[in-house]
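Take a look at the structures below.
Common to both upcoming complexes is chain A, partnered first by chain B, then by chain C.
And now, the complex of A and B:
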């Protein structure tokens, strides 16, 4: 009896609830990515015919091989909102140098001194700094847009194999 | 024996080759940096909104005249200074406006349509309404009226200037009563009638129907103004000296002389005052006031039958059967 009553209330309030909502669809590239809305799993993309209330929300998207994406949005009162997320891929880069005594640093945080190393790097531009005996001896931007191998020669642009 | 030696060498060689292969591969591939290196590049995100539309329908009624042009101004969210849209159009029977989604307050009636006829004879009106997110709003019909015509003033007794309480005051078009009111405790009255009578030729103010005096009747002209102030004096003026008599019926002959067959100067209406100076067994000699075209009053002397008049008692000036007592 109580269950029926709750169902009836839910059915009666459903149009009121839906009336205040904005129709939501989410697409991602690549597809079949798990999408979290305000920490709650919505499902795998593409997501269609969902509802979202106007106001502040947070989308989180994680997929292996891609940079994690967090997006805060203020949803305007509207009929529908369509979101397209283009995930940024992570590529494996082989970095090689014949120079000796050099320390390499990427984006001011990641450092190594190996002459040959494999790096998992987010696609895009990265700032490479080269140190020798604690002093910067070179600085350049490297652009990553595919898996590739870099050969480093001091004070020369990186050459790609 | 030799076969056995070869077999052993082959196994040892194989193990060494495999070890060399493994270590060689590792040397060729190099070590893997433990962390993923991000550059915190802004992800490419596309956000597309679809906005709905709000259709507002407001039926309009014009019981009197119809203004040529009306300005409609729509305000939202309680902001009555900056309209979200202004439309000037010929007077429609249904005002229709389309608004983008999200502009209206959907929680309270703080949205407003101002209807401003571009004709000073008409009243401006406003319609408050509650918004919706999108869809259609059907508002109840709104009446566009001409401005009200207002006449106000006080009713006083001509004899002593005192304001009179409870005197009937009405506005009439021809003989049709449009509105009626009684004077308040200060002797004040105010009557408002629809603006459709602005150009009517026969609107008149009638005061004192419930008094024993001849009612005051005055033609009103609203063509120049929506508001008139008319202070009305009723009863005989102070110029007529006592004793005062009032005619008790219509068409009372006011004659030049007391003789039979004497010329009738005026036919007096019921409630007209006669200032009596001389008395004969059947008639009174006295004077009446006559208003000339220039509003000036003159006294004219004559005779009336005693049976056609009664002595005026200023303490009892309301007609019998009314709900008023004398208030002086």
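And now, the complex of A and C:
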């Protein structure tokens, strides 16, 4: 009896509850990406006609081979909100140099001094800095648009010519 | 009765056809850079809707996210605007540029209730006619028109899935070519010298097999001939000569047989090695990066 009463209250309150919510659609490129809303798996994109309450929410978008995306959003009270997420692929890069005594730094974070290294980095532009004997000798942006190998060469100084 | 029904049907249809049921929109565009022909493009693309434009009214919607309930904050304004312009909806589009990216914030308000009914936020890398394309996608979503070309146009800026990247030339392609003809794979990879070396080596080895086989065949035939002559002759001197010649032919036939086998082995091994070599040096995407900064000249000042 109590169970039936609870069910009835739930059914009666459902439209009130849904009325305060916002219709949510999530579209991603690429498709078939796992979408987590506030840590709970919503399913795979594209997501249509889901419901979300107004307020602050966190979306986490994951797909193998792509950089994960975390997105905080304030959902305003409205009838519908449509979100588009664009995931960036991760490419395997080989970085090689024959030069001696160089230290490389990518995006101000990752450093290495090996002559050959494999890196998994996001597609797009990355800032490469080169150091020799503790001093910066070069800085440039490298464009990563496919899995490829980069060969780094120092310019010959005039004294070496 | 039938006549009355027909009259009622005709009257209803005439009322329906007489009215224009296309939704009407007041468009408030707020772009930080001028976008030419946006208004006319919208009117031409979405013929199922009627648009009115008011470029003077946008300041109110600037910081909508800062309000606790932004939709209700503008309700009166939205309703007033709707009444003033006699429209069903207000479409507010804001485009902001930041270096090579732009954001589109689209908001759709219902003028009857004054509430925000649909919102779309897009943040992406700039692409050719990207702003117009994104506006089309947003308005298309609102007006119920979706063109696949817009989606394809947008996807054109995205980096490819590593699994979808198809290289024109691959190491496997080089290996297969070298398996068919030694040196072809190297030539396909642009390694002309190693291509010639492999082709030359394999050709020489193949010729050596042919030469050894011909010599072997010649020695075998000669041996059989001398063996027959040895059997049929009664002359002691001739018999000795035929025997000696047959023994020489036998040795030659053995030697060239072994040589042919050795060359065949070398050719086969070389063939496979050439294919593996073609795979190793096969075409792979690469980029040479040269130091951009000028090298410092040595300080020669005393």
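Assorted remarks:
Assume the second predicted complex is superposed on the first by the 154 of 161 C-alpha atoms of A that agree within 3 Å, B and C clash if a C-alpha of one lies under 4 Å from a C-alpha of the other, contacts with A are read in each partner's own complex, and residues count from 1 in each chain.
In this text, a contact is a pair of C-beta atoms (placed from the backbone, for glycine too) under 8 Å apart; a residue touches a chain by one contact, two chains touch by 3 or more.
Quantities reported herein were computed from a predicted structural model and do not represent experimental measurements.
In this superposed model built on chain A, chain B and chain C take up the same space, so to speak, and clash. In the superposed model, A:53 lies in contact with neither chain B nor chain C.
Of the two partner chains, chain C is the only one touched by A:138; chain B is not. In the superposition on chain A, A:30 makes contact with chain C only, not with chain B.
In the superposition on chain A, contact is made by A:106 with chain B only, not with chain C. When the two structures are aligned on the shared chain, A:88 is found in touch with chain B and with chain C.
Once chain A of one complex is fitted onto chain A of the other, the partner contacts of A:76 extend to both chain B and chain C.
In the superposition on chain A, A:124 makes contact with both chain B and chain C. Two complexes overlaid on chain A leave one chain B stretch from 2-10, 20-28 or 92-100 clashing with chain C, and it is 92-100. Residues 73, 76-84, 86, 88, 90, 123-124 of chain A touch chain B in one complex and chain C in the other.
The residues of chain A lying in touch with chain C in their complex are 29-30, 65, 73-74, 76-84, 86, 88-92, 123-124, 128, 130, 137-140, 142, 145-159. The touching residues of chain A, when paired with chain B in their complex, are 19-20, 23, 67, 69, 71, 73, 76-88, 90, 94, 96, 106-107, 109-110, 112, 114, 116-126.
Against chain A, in their complex, chain B makes its touches with residues 29-33, 35-39, 41, 43-52, 101-102, 133-134. Those residues of chain C lying in contact with chain A across their complex are 64-65, 69-72, 115-122, 124, 141, 154-155, 158-163, 165, 284-298.
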